[in-house]
Every structure is written in structure tokens, then in C-alpha cells.
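In order of appearance the chains are A, B, C and D, and numbering begins at 1 in each one.
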Amino acid sequence: MELIPHTLIKLKNKDLIYADTSVPAWVKKSLEISSYSVVRRGFQSEYIPVGIRGFKKNQRFAACIKKSNIESTYLPSDALKKIDTVPNTRLNLPAFQSLLKIRNHLSMFEWGVGGSLQFELITGIPMVTEKSDLDLLITCPPVPLSHKEANQLLKKLQFLSTVHLDIQVLNHQNGFSLEEFALQRNKTILVKTMVGPILMDDPWI
Amino acid sequence: MEKLYFKFTTTQPVTKFVHVGVVASGDLEIILRPNNHSYSTLNIITGSDGFKSTWSNVLSRFFDRYPLQGDFEINDFGATPGVVNLRLSQVMEVLKNEQ
Amino acid sequence: MNNSLLELNARERAVALLDKDTAQELIGPFDNIISPHLIPQNIVPESDDGVIIMKGQLKHLNCVIISIEGSFQGGGIGEVGGAKIVSALEHTLLDNKNGEKVYPLIIFDTGGVRLQEANYGLLSISEIQNMIIELKQYVPVIGLIPGRVGSFGGMSITTALMSYIITTDKARIGLNGPEVIEQEAGAREFDSSDKNLIWNTLGAKQRKATGIVDEVIDDDVDAFRSTIAKTILEKKDSNRDQQVNFYLSLIETLDPAHMLTTQEYTNLYRHVSVHDHHLNSAIPSDYPTITSRGRHWFEQLTQIKNAHSDIPTVLHALVNGYEYISIVPDKNNNFPRVRHGEVGLKEGYTVANVINDLIDRDKDKKTKTPIVIIVDVPSQAYGYNEELVGIHMSLAASVSAYARARQAGHKIISFIPGDAVSGGFLAHGLQSNRLIALNDSSITIQAMSKESAARITNRSLQELEQATKNTPAMAYDIKNYQKLGSLFYLISNVKSYDSSDYAINIVKNAINSAISDLENKPTDLSFRYNNKIAKESGRVATNKIRLLMDKQWN
Amino acid sequence: MTNKNHNWASQRDEKNLRMANATSIINNKFVRTENAKELLETLIQPNDRVVLEGDNQKQASFLSETLASVDCARIHDLHMIMSSVSRPEHLDIFENGIATKLDFSFAGPQSNRISKMISSGILKIGDIHTYLELYARLFVDLTPNVVLVAADKADKQGNLYTGYNTEETPVIIESAAFKNGIVIVQVSEIVDKLPRVDIPSDWVDIIIQSDKPYQLEPLFTRDPQNITELQILMGMMAIRGIYEKHHVQSVNHGIGFNTAAIELLLPTYGNQLGLKGKIVPYWEVNPTPTLIPAIENGWIKSIHSFGGEVGMEQYISARPDVFFVGKDGTMRSNRAYGQMAGQYALDMFVGSTLQIDKYGNSSTVTNGRLSGFGGAPNMGSNPTGRRHSSTAWQSLKPTDNPLAKGQKLVVQIVETYNSAKKPVFVEHLDAEKVQKEANLENVPIMIYSEDTTHIVTEEGIAYLYKTNSMTERQEAIEAIAGVTPLGLRSNAKKLNQLRNKGIVALPEDLKVNRLAAKRSLLAAKNMEDLVKWSKGLYNPPAKFRSWS
């Protein structure tokens, strides 16, 4: 079964990761604490491309793991369900507050949370800061949105959020920015695919 | 704060010193001294910046109707044109009472 | 409800009180004198600087009315307005000394020091207070508070020095406005949005019930006129600044940890059993106490180690012919608001008590004991109980004691090795006839803490600091303060905590030379505006006003 | 033919079913405070039309807080109907995904937020109504499924006492009680015996005691301390040039310092002019404290009120000749009847506005603020269905048409520039821009030019009803618009022409001395004076305290 990008994977063995370069110390330290990785876009086989997060914003490390090393997987929508377990002190952070407001307005979609919020929600490790963005992932939209509908949705969500919003629409492996689609700056839109970014006229196909 | 200066050609020299008003919020004071030119001068210090043309309009109207000649000093703490007019007409009243 | 004094502006109030067609304004709007300090700070000035001086007759009695305009900059006292008041009072004194009765009236409508010219305001207020204390020997000095702003800050201390205070029920008096107390001590101490609390605590009715004002009358011009005339003719004087033993007895019965209700305090006030108080000289002890610059120099100059006093916040001692006195911190004091060396209820009255005793002891002596005030006062005490009891009266008691001592011939030197802020400085330092300071950057000298000043003037702390950097009028540091000319001497090579023999000698020499400089000099505060720096730059406007007043008075 | 089995009581069945689902927490109409949320989650269904009582002053604050906290998975897409959107949670209900559509009349305190929410699509506006319109539609096409209202007290049978602040409670309840809606009431207190019954228990389904009394604001109190000389000047002109001239008998004052000034000038300036007993004995107005001197001075025969005013309770009780007071000694207010009186029984409406355009249209909707207008458009309009005549009404009748009828006086009093020194007279209303931003069908104009009969500024009065063309109307407005851009179009010649025609009057034309406009002319200069006038019966809220 294909794992969609942004799925969190808990590893059975945190030492069994494969990379082209040597593994930096912070990656080992990070895995020591959490032993979670995030599915990256890319060709999946026995090996799954993943990313490892550090505790700093720019710390990302690309690697692969074996399918057999997966203990469990968590979809972005699983993270959403955990919001009720967040302690009040953390819940007061603007990104969580924004998520609370927004969640009542996306019921027509299958969707979830990515980024540091997803990580904190699943692992319980405090990753979200005062300045964290809110990364939303809309998965498999039932019907394609028109530019106007997307624009309306975006405006609504931006109003409700007090932090910067990054909304990606995921169509299997393909993904594009809702904002770019809604604002319709160019005729074509950049879609990230398994084989790299390409420009498309209609990203919903 | 902004300093403004205006000059109007006028024809009715005043003979008295006049003072009215207070530099309170939304209000202003006017000090009028006799001069012996053929025009009036106005030195204005105002707490609200960017209203030069409004001042000009208020004063033009006033001097059109009442060409009082003298040197005016105005200290303004955010008076509206309506209040400026009211204080100017009080100056007139004081002149009337004393003449 | 139709002949209201409150409704009128300051000028109209003065005219309304005087007999018809007798009012004559001195240094008025046509004299072309505005504050030189406001325009550079982008503030619109007023042609009278918010102080109106009006001579005339009230029921055929010669009066001079000093009326403060509350709606111009909150009635704050700056250099020009302050100098107008001082010079008018000086002439009134002179006339009375010459046997010509002139009755001074002050209409208070003021928040105290004008923060944009804070240092001038503080100096002026101390000079005003000096004049009032001397004038009271000749005529009643009457204060009116019609209301709106009321009387706050340093000018509340001035009200307590008046012979007699007449108000409407719309007047409020307090040393620290509720906003300032909230800023300094928190909303739990004083909630500035609770209007009922404010009016019940600081309002005229409560003040009347507890001896802070003398009469509350209807807001009616005629009522004011007849009450004033009666006060003058009956020579009424509450001697409010000399109730030291009464208040020290009262304060002893008060539990500082409990916020008193107005009713509780009124009861307390009505049932005081008064007894005499005398504070013994400080003695050496074995217990080192927390140090402060004030305590440090008291111990250095008196050579009393770990000085101990029955009132732990007030140290005094007569050493080598000089009376030294200092207010010091006491971290365990039962009054929480004086633990950092602030001047509180007890401190003002205790200092007054010490000085009154000294005046009494020396009253028949030809040579009076010089007094050295060691100044290290971070502020007055900001507290609810303090305001309810009327801390401004405590500060007034010490102002009065120092001023009377000086006027009686005691030479008074203030030595400033520490902070000299606000009401604390007025009560303990500014009534001296010579100021000496250490040139130490740790010294703060000002009318209000920066945080409070920022809040009251609606500026950010940054904006405030920017403004103070450019104007000595608002300086917080001793170096800029010196530019005003009010210091007799700035000791440049001694620091606040120096304890070398060298440093002590320099300070002692400075004190000695200040005292010998006072030989055969006036016993007033004129040195501050008569010296070279003051005349050339520091107090130019003050001196201009004084000259003009000399010309216009008669 | 209709189907024999057609259920003609489906709505009633539906209501009964909902009530049945909640029986476990309902004890003979009464529900415990802590069960409020569960109750709403049980009784309200997605897509319901819900009326939430939020008047100007009185707010069903406990129920609105509860509604904002319900689970949006169970309750969503509600259509809210609220006369006043005042409290933050009124809009939280939309942000929380519980409701999506809103019909309202007034949103003063929330006007900024509401316009942002509209443009972001969180909230869809049905319409911005006048109060009367909104009440009317409750009986036509906006009949509610559930109403959430507030009362002071309930007795054990469920009868309600709404006291001083009855306001719009009866009209809301009636719209639900007789059309299968569920009536839910928050009460501050449950007692054995009510002072009087304002709503019979038959009309009430659920009563919940709130955790604290409903929010009540003294919105109509103006401190005379803040009345300016210009407001006094305009008040004097209005009294001479309108009240006296048209012999006005019945009036509604919009709230503000301009009208407060007039109220306080009646016992002084009005007496000087000998007008006592001749003008304005009848009022439809909230019991504003600034009316006390006129009442005490014998000017006023009757005042009916839309709602109460905090602090006026004792005073009103002691003046039953003037106010509408029940046997229990408390006032009875009613916003619906008040609006009706304003529409059909009054000679004149006097109010203020934030902007007036070159045609004479006025609006309080300015950039970024969508406030709605409450009752002003009804008060400030001429009801063409009116037939009864009065001197004032007749005095506006055109002379050249034998079939013409009179007109209600609609007066706007404004200073030409507002206190922020922005011109009040403008080429285009900001409301035009707001219409586009918020996608409204109509430009949110408060009072239309055609309804406005007089405009008073510090410069003079424009008698717009006398103009016979739009050009002349514009010139009349320009003549009193001071040095605003509109005003600068006028000149001395045009002004004098208009003065000669009686279309514009300056203070001197009205024999009003500009310099007599002093605060000393006010019958009360501060709150304490009002207390004195009331003989100690008026008890101002603490925030107005300014004496000891």
C-alpha cells in the first residue's frame, strides 16, 4: 500500500536508516528522543523515502527506511484527532488556537495537519513555538474546487488563523499549494510530483 | 505639532488686545494684538498636523466676512473648524464690548 | 447650580472671585512668555503657561489670586508657571512685611509636576512651598480646590501647607494618582478604574471627615467669596503641617497589612490618643543591615557603625556640631511600601519630628545647628493605605519643618549620594539652601519613575528616553541636572559607595564649604536661580519672569 | 386533492420529539444551570433558525455563551436572527462553525469584526434590518425553531417577570410560542411570587437559571460634563428653528450629546423663550438621565420607553405620572411598541450621524465598520401610511398641492467636522464602498435624503423639506456645511438667496446669540446635578461617578 507524503512513521529500530551521506549527530540525537520519521515524496518499494526532523527549523535530513522497520504509521488526519489530548498550556499557542478555530470549517474535506503541529500531536514532544506556522494537508478532495471556491475557502481560513497558513492539496503523491491555485497568479501551477516539480494547467487531474 | 503662518489683507484695524480660549483638548486660545499694517498676520501652533488647507479655508471665510486687522497668535490643541469659528466670533464679541 | 466656579476656566475663576472690575492680571497672555521647553518636545504651549496671576479685591480685601488651568497639560507646574507663582508670592510676602495686607489665594487644579519639565516643576514646587510657609506668619494662605483635576503630586503637598483649604465635593486630593499607584504597585493595591473607590478614598467628603480639607462648600461663586472673606477675617489656620504627634500616634495604631475601609479609617482618625514623640540619635550596633547609599554615607559621615534607630527607616545624629539625617531602606518594615527607602507615612512625620525638636532646642540660640540631609530616596511610598491616610500631609510636615528651620537660621545642606526622586525629594532634600551631589551615574534625580511618566504622558518608554536625552528639563541623570544651576557643587571624583578617607574628606570639605558659603546669606532658596549657570542657561525663563513681576507688581 | 394522510402538524410533532429527547434533563420546564449545553445540543438541530436575544442594553449572555460552546459536529449551519450583535461570543458562534447565516439590525460594538467576517465568508448576511422589519419577519418567513431569551425572574410555574428591561422579549417569544418554536429562557432568579407576570408560563418551554445576571449596559447615559459649547449652540438653534417653529408635540431623540444638550436646555433656554407647556410634552425615548431636569421642571407629560436604563429604576418608580409603570412599581418597556410609536405616533425624530453626502443621505457606516442602524431608519423616515394629523406634521405639507399631506420631521444634528477633524459632509458616503466590500444588495444608508427634512450644523439650519429640486436641496446642504469640501461650493450670494427663501437660517436669523451658547446654560452640568434634580432618586452607575 502506498504511503502518502507527510505520513508519520514510528520506527521499530531507529538505527536502521539509510542515507547517501553520513548521518549527522543531530539526526541521531533526534531519533534517540523520538524515533519518528516523515514520509517524503518519491518512489516507494521495499524502501520508503523519509525525512528526519531536528529540533531546529532548518534541520531536515533525507533518508530511506525499510518497510519492515515500520512499527506504526500516522496519517495527517490522525494528528487532528489528538488535539483533545494537548495540555492547556500548549493549546494556548497561536498555532493550536488557529487549528481549533479552523477545524470546524473544513468538515467537507478529508484533511489533516503537517509540520511541527503534526509531530507534537503524535509524539507529544513539544515542537510548536509561538511563531510556528500552521501546515494543513487536504487529502483526496471529493470534487475539484474552482478558483473562486478555493479563494473563498482560503479567505475564510486565513481570517480564522492568527498564524501563517500553509495549505497543501494532496492527490496521492502529487501536491500543490491551495494559495497558489486560489490566487491564480499564473495560468499554470506548480505541482510537486514523485518525479519532481512540474507545471500543470489543472492540478486536480 | 505644526507651525503655520497666514497673512490676509484686511481693513478694520483693532485697537484693543484680546485674549480668548484655553489650550485644552479640542480647544484653542487666540491672542490678538493691534498692528498698523494693512494686513493681518496669523502665527498658529497646532497639535494636529496636516490641516493647513482647512485652516486656510476657515480663516479666509472669517476674514471675508470680518476683515479685522491685527496680529493673531493661535495655540491650538485639536479644535475642530466649528470651535475655531466660535472662538473667532468670541474675539469679535470682546472687541464689540470694549469699543 | 448656575453660578458655578468649577465650570469656569482658570482666568474666569480668578475674575469671578474678585469684586467687579477690580481684577488685574500680571504677566498675562500679551507678555509673550510661553514655556521654552514645550515646543522642542512638540507640545502646544499656552500664552499664560497655565498659571494666571490676578490682583484685585475680594469684598474690598486686597488679594492676589493664583489660578492654575487644569485643562492645559493637566495643570502641571513647569518653569514659567512655577516662577510666576513664586514671584507673586514673594511680592505678597514683601508687601505684608511692609505692613500692607495682601491676601494670597491659590486655586489648585493640578496633577503636580508637569512631566515634560519635570525637574523645573519639582524645583518650583519646593520654592512655592517655602514661600507659603513664610507667608503664613503674616496672613492666612488660602487654598481652593473646585475640582476636575483636583490636586495631586507635589502640589498635594502644597495644599497640606495652606492655612485653610476650601473645596467642592468634586475635588480630589492625593499624592499619587490612582493610575500611578496601579503602575507602581499593581491593580490589587489600587484599581484605577474603580471610580467609586477613588471618590470614596480621595474625594473631598472623605478628606473633610479626616482633616485633610477644612470646608466643603457648594460649587457657587458667591459661596466661595463669602467663605474666603470669612476665613481671612477670622484668620483661620488649620496648622495642618504641624500635627506630627497626632499622626505619629495614629499611624502606630494602624495595621499596614490590612487595607482599611474608609469607614475604618474615619473611626481610627476620630479616636486617636495623642502622645509626644521624640526620636533618639542613632547608635552603633553589631547587626549589619542591608546597605544603601544613604545609610553608607550616614555611617561614614557620623562614624556610627551599623547605625540603629528606634524608627529603622530614619537615622539622625548630631556629630561635630552638625545634625545629620537620612532615610534608609528597611527590608522587614511592616509598611511594605517603604522597604526600599521610600518616604512613607511614618518617615515624613518622623523627619519633621526630629527637625521640630531641633528648632525647639535651638530657638533661643544665636547660632543654629546646621543640618545635613543625606538624600537617597527612590520615591515616596505608593500605597492605598498611604493615600487614605494622606501621605502628602506627612511629606508636607517634613517640608514645613525643614523650611521653618532654614527660615529660623539653620543652615541646611542636602548631600545627594543616591536617588532623589519625586515627592521623596521634595520632603527630604529640596528645602535645603545648598545642594551637593556626587557625580555618579547610578544617581536618578527626577519627578517620577520612567515607567509612570511614560504611562501618564502616553509615550513609550523609548520615546520618553529619547525626549529626556534632549532636554535637561527632563533629565534623569545628575550630569544633566547640573545644567539647571540648582547644584551648589558636583563632586566629580567620588562614587556613591566610596569609603576611602580621601572620599570622606572631600565630601566633608564640600559640606563645610557650603555651610561657610551660607554665612550672612539669605535664608531662602534664591541661590538656585541666582547663580551663574542658572542665570546664563539653567533658569533663564525663571529670571525673566522675576524681572517682569518686579515691574508689573505695583 | 391533497393526500389524505398529509400530516398538518409535522412541525408540532417535530417539536414534541425534540422535547421528548430532552426529558431526562427537564424537570417541569426547569433545567439545571450545568445542563444548559446538553440541553441546547439536544433541542437545536443543524440548519435551525435561532433567535438569540441581544437588545441594545440587555443580553441573554448566559445562553449566548452556552451556544458558542456547543459541539459543532452536532449543531452547525444555524441561521441566527439577532436584533443586536453586541458580545464577542455572538460572532464566536460563527467562527466556531455553529452558525453560518445572520439576520440582524445593529452591530455597534462588533461592527469591525463583523465586516471582516463577512468579507472572509465566515458569515453570510441574510439582511441588515431595522428593528421593526426584523420583528415583522419573525411572523412571516423567518419564524424561529428555537428562541433564546432573558428574563429577570421566573416563578415555580414558569411565568416570567421581565421588569424594566422587557424590551423585545415578548415579540420574540410570541413568534415561537405560536408557531411550534421552542422557547428557552435564562432567568437571573427563581422566586415563589413574581412582582407581576410579563409573560405567561404557557408560552415558555424551558427555564434555566443563569450563573450570573444577564448583561445590562447603561448605553443611553450621557454625562453632561462632556457637552460642548457647539452642541449647546446647535441645540439652541434646533429649539428655536424647529421645535418652536413647527410646534412639535411628540418626539424621539436618538442618543448622543447633541440631543442630551437639547434635553438640558429645555428648562433653561426653553423657559426663557416661554416654551414650557407649548412644545414636546410627549416622548418615545429610553429613560435617559438627561431628561430628569425637564421632567422635574414640568415640561414632560409622558415618556414611553423601548428599554430601561441602569440607575433610573427608583426615579422612574417615583414618577408614574410620566413613565409607564406597572402595579409593582417598575417600568414596563417594549421595543416593538416603541418602534411602532416612533413610526406612527410621533411628530419628529432628532438624531445624529457620522456622514452626510451631497444629496442629504446619511449613514453611520464608515470604512471597515458595518454597524447596522437599529431603529433609526424607521424613526428617521416618513411613514406614508400615516393618516392622523398634527400641527407639526401639517406644517410640512406642500402648499401647491390640494391632495398633499403632511410629513414627519426628520432632523439630523451634526458638527461639520467630527472630533477627529474629518469632514462629516462628503461627496460619497463610505457606505458605498462598504456595500461593495461586503457584497450587500443595498448601500447601507441610514436615513435617505428624501426622508430628511432638516439638517442642523453649527453654521445654521437647512430646511430641506422646503426645497423644490435636487439642485436646491444640494445648495441648501452646502450652505450649512462650513468649510468641508461640500461647504466650500457655497458662497455668500447663494447663502443669502437661500436665507431669503427661508430654506436656510443662520443663528442670527433665528435670534440665537452665538455667545450665549455657554455651558452655564445647561440645566445640569454634570452627573451630580442630575442626581440633585432627581432628589437623590437617580443612582448613576459607578463609571459615571465624578464627585464625593
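In the analysis below, a contact is a pair of C-beta atoms (placed from the backbone, for glycine too) under 8 Å apart; a residue touches a chain by one contact, two chains touch by 3 or more.
Just so we're clear, the structure is a prediction, and the values are computed from it rather than from any experiment.
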Far-end chain from chain B, centres as C-alpha averages: A
Winner on C-beta contact pairs when A-D is weighed against B-D: B-D
Chain C-chain D separation of Cα centroids, rounded to whole Å: 52
Rounded Å distance between chain A and chain C, as computed from the means of their C-alpha atoms: 66
Mean-CA-position distance for chain D and chain B (Å): 41
Chain C: positions in contact with at least two other chains: none
Residue list for chain A, restricted to those that touch at least two other chains: none
Chain pairs in mutual contact under the definition given at the outset: A-D, B-C, B-D, C-D
In the complex with chain C, residue positions of chain B that touch it: 1, 17, 19, 22-25, 27, 29, 31, 33, 45-47, 73, 75-77
Complex contacts: residues of chain C adjacent to chain D: 1-2, 4, 6-7, 147, 168-172, 194-196, 198-200, 202-207
In the complex with chain B, residue positions of chain C that touch it: 9-10, 28-30, 39, 42-47, 69, 71-72
In the complex with chain A, residue positions of chain D that touch it: 72-73, 76, 95-98, 116-117, 119-122
Footprint of chain B on chain D - complex, ascending: 228-230, 233, 415-419, 421, 457-458, 482-483, 488, 492, 514-515, 517
